[in-house]
């Protein structure tokens, strides 16, 4: 056990803090999805141009070659400075990128990794299907080998930034024989290919965060398969492991900041009788509990980083972080509705630092569903960590 | 003591339910606010004065019977300022303004809830309202309002409108001691929330029987089925307490106001938690605007701020010393 | 829907209130189990002698022949007057009695029912076994027919007042062929028969509320079978239905009173800074929430009574009451520990009206287990009320 | 930043765990308070001064390492005033009473927590204590105490003793600004609760694999397996936060006190909720005194009142204005 940062971690933190202090954009991220994507791309490109992109990515692919600890330091400092989150670049930076680093050919890495870091190409995910949600391995989007091409037919859903993405990490069924977990392949899909149709889906916060994607005889070069034909389940699991481990770190740190913003708001807001909300013991303790919870969440994430420093393969522990984090988000956002009081009716209500409290609250309903429902996370914890029998 | 509907009351429920399934079934897209014509029709159906005396166009029944109607209205998330209009008619009657009461009961006017704040009033669901109703700690105040002079804001529930600005002059004011507008409003809100809790339970329960994952209906997994069992328990608790509160108000029992607040707390919990669980049970589709599930969550959020908040309700039940 | 009591209900309430006002014993129920049982017997006999026993029992068996509503009125008034609860007579009055009324022979009824009402015989339950808890139908205590006797061998557990009881409602396996639900019989067992051994089990409140009962070739006359040989599962289900419907009403009303006692205690108790606990918004709202919850529980119970007035067979709705009630008890008892503060460490701490707050708290851990765990109640609600498929 | 034990620290954990499984395994029956001989032995094992300087008989390590030991002590519900004794040694050192500190560290004295109230002090687990420690809002006070002169009361945890009466004179007093006795105590209590949360998780998880109902191990039912998953999550959260808090106190970071309070809140939640869930998972046997499950619940109840209550901890994290 050790709290002390190394000299190089300290130096990295100071340098990051100094750079962020003068480079974080003044204007907040737009609410509308396309404008938000453009904003995310601009920020990521600025990071790349100034040498801050891909903190823990290998140097040979344009990253800084530092440790996961420094990656977390980056998230902490950039959230502290209220810098933009990865946003549209999330899948590229936290899903597809790490998977390519681990399993792709040198050619694929050379082509894609710098483009992800420079935000030249946005990536999206093509995993879930209407009938393959929790049961992801039940996916039916078919890819038939035709010469040196895969011909893809089917439908994906819950794809973020599909409209803006150049590439997709696409799971397709390349064999229907035997166990359903075999016969899946992980493919780099170009989103501009003929035969792809995209339909945005609006969520309850009235924004189009997701899309459905339809594939009609879409022809993808067979060399775009990563990790081997019919081996996509293992590739995808590694990928999910990355997500459940540290990819949510930035969002977690941001949540801590939101709690502090709420405490501020509770000091500034008065109730009908003119008393500041923070003077209400009940509201104050709810806020204190959230403050404790986001602090402990940070420790849990450090725990994951500590494990990864010993065994560099994400284990099922990430499911505990995700289970706790997503429920905590919902608790914080619900409390926010109490703190902003009558503002909770106003979809466009803005709080401290221009936060979209109401839309954040509405969007939080998805958190215990997307990326594996809370039920699925509990199944994973019970089965893979505790070794309980399957139901 | 009988908390379940008798034959007449079941017939009342049936009529309303059949009308709504025909004319205003719940939709995924938020419907437009009700037109004056629709409102008039609902007035003719007796929805705005079921508990008002027959001589003013009312139904001569009780608040308990109103709760049965409002359960149905809640079930399909019917739009418009229904609760405020019903209560406003009674405020007008209690204040002696029979003409206003009669026109409200007849469906000729909409009355919306208003909350005063530093920047004037916020009118909830008052797109077509001629009056607004504000229930304070001690009295209910009915004011005229000109919506055209107010500024519209987008509401978290897109089937509800929000307007901000200045109200017109006070039309009448009635002390809660005289007519307990707050309790009446709370019980009708509770009834709507009960209907919503029941509707979301039915949606989850039906979906759990047909949606399959891993080769089984998801209702065969306790993660889902036990969530549904909790939804059923909350809905039943809230339904029984709401009926009891309605009956208590009608009988003017000494504990009627406490019963009304308790109904609201139970129904708010059921409405809010069942809406969230229903979204969870539906998975991805549940949080999109392509399925009605989300509308129960946004509506519950509006109802939680229509009369009093949960904390304020708890403070009514055990006041600060 | 109707709130108005009938004239006879009103008259019953007034009479009960007047009688209770002068007849409730001054001394509180003892904590120790044997002394408590004696206290319960004395009270029940007094009720019988004064014509208050068996409110909703048929007149021909010594009851008052009134409705379930009057039974609830009795519970309300007697709790209001802080009269003793049924206690040791619970199984007789609320389980075995109603089962005998519904299904026993005239001879059995004539013999047992007046004795239950007069507290001449205490009854206990013999359902659960070490390997048949939630899966009650998996019970293995064997009864072999030998002439006109059953010879019983096996073991029961979680039997309250086994030491004090004269009779037991005993479930035994009389056939091991076919479905496990068939082949069970419901038998009136005399607890004083040779071959019965009783071992008290101490629970975490340090009291012996339960016993294990061992049967070594215990010979029971075959005419003691109620409802027919091998038909005991149906008899037991009816019995459980009674329990889950209204048998807990008295305990529910008592819980409401405990909440009021706690509110009183919070007004009287000060924290370290000298402030009354009730002035803390957080504690006050927790108490208010409990007050609302016990009120709503009462409505839920009235709902059950209303259903039973239409269809006089307890349905699965009782499982909702039980699920809600047992969790609420735990919530109230936990809150009590916060209100009594440092008293929570003292096993013998007495609060208002001599309540054993700490022992009640400790005992409440059993509530979501005994009488069907909360998981089982949810299974029943999901399966029998909602019609969801079995897991 | 590394929250997991290194090789030396794992060896430390192993030694303690092996000693305890040999000498003080958890039992269903509440064990008697530790004798002075046992206490001396534990002092020789270094449990009372692991973070104290070597020159006073301490281990020269940190509070972080102490948390590893206390997790093990918590896991088997080891009896005696362990936390108060460790903290008292540091209070004595901070006050300059090195002789007292040395004797405490050596296991020659037991020090118990005391709470002042209107009727004097309540001594928790002080059956063999020579001193008592009270941590107030601003200072930690060490007093001598003569247990023979106090009145014994039965404790909700029968393996813990309670005594009520008057303490002796103050021996030393140290401001929390100077040595943060409260944070140190909270982190050690947290560690014990983490060990308890882990032990109850292990008990539930093992039992769920072997206990069968309806022909399947109960762990195959999500009602049970998901409860176990929540137990695991709570235990991990609390363990990581407790390690972080221990390291923060050792490094005297500006947020160390907040980290300690947070550790206590997370660990208290895990200790209390896991104990209750473990009883639930065991069914009937879980709430009897024939299985150790109940002892984790009663011990958690005691630990929740040993230093500060949950509400008081929240008030430290966001003080009343």
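In this document, chain identifiers A, B, C and D correspond to the written order of the chains, with residue numbering beginning at 1 in each.
Operating definition for what follows: contacts are C-beta pairs under 8 Å (C-beta built on N, C-alpha and C of every residue); 3 or more make two chains touch, one makes a residue touch a chain.
Keep in mind that this is a model prediction, so the values were computed, not measured.
**Q** What chain groups remain joined by touching if chain C is not counted?
**A** one piece
**Q** Going by the contact rule set out at the top, which chains touch both chain C and chain D?
**A** Chains touching both chain C and chain D: A, B.
**Q** Return the chain whose centre of C-alpha atoms lies at maximal distance from the corresponding centre of chain C.
**A** The most distant chain relative to chain C turns out to be A.
**Q** Once you count every C-beta pair in contact for both, which comes out on top, A-B or A-D?
**A** When A-D is set beside A-B, the one with more contacts is A-D.
**Q** Taking each chain's centre as its mean C-alpha position, how far apart are chain A and chain B in Å?
**A** So the centroids are 38 Å from each other.
**Q** At what distance in angstrom does the C-alpha mean of chain C lie from that of chain B?
**A** Between these chains, centre-to-centre, one finds 38 Å.
**Q** How big is the gap, in whole Å, between where the Cα atoms of chain B centre and where those of chain D centre?
**A** 50
**Q** Do you know which chain D residues sit against two or more other chains?
**A** In chain D, the residues touching two or more other chains are 221-224, 226, 311.
**Q** Can you tell me which residues of chain C touch two or more of the remaining chains?
**A** Within chain C, residues 280-283, 285, 375, 378, 391 contact more than one other chain.
**Q** Going by the touch rule set out above, what shape does the chain contact graph take here: line, ring, star, complete or other?
**A** Looks like everything touches everything, fully connected.
**Q** Would you pull the chain B residues touching chain A in the complex into a rising list?
**A** 115, 117, 122, 124, 153-158, 160, 162, 212-214, 221-224, 276, 279-280, 283-284, 286-290, 294, 297-298, 301-302, 305, 309, 311
**Q** Within their complex, state which residues of chain A touch chain C.
**A** 280-283, 285, 391
**Q** Provide the residue numbers of chain B that touch chain D in the complex, in ascending order.
**A** That would be residues 221-223, 226 of chain B.
**Q** Using the touch rule from the top, collect the residues of chain C that touch chain B in their complex.
**A** Answer in residue numbers: 1-5, 69, 72, 263, 267, 276, 278-279, 281, 284-285, 287-289, 291-293, 295-300, 302-303, 305-307, 309-310, 317, 320, 323-324, 375, 377-379, 381-383, 385-391.
**Q** Chain B touches which residues of chain A in the complex?
**A** Spelled out, the residues of chain A in touch with chain B are 128, 131, 133-135, 138, 157-158, 201-204, 206, 210, 280, 282-283, 330, 337-338, 341-342, 344-348, 358, 361-362, 365-366, 368-370, 373-375, 378, 391.
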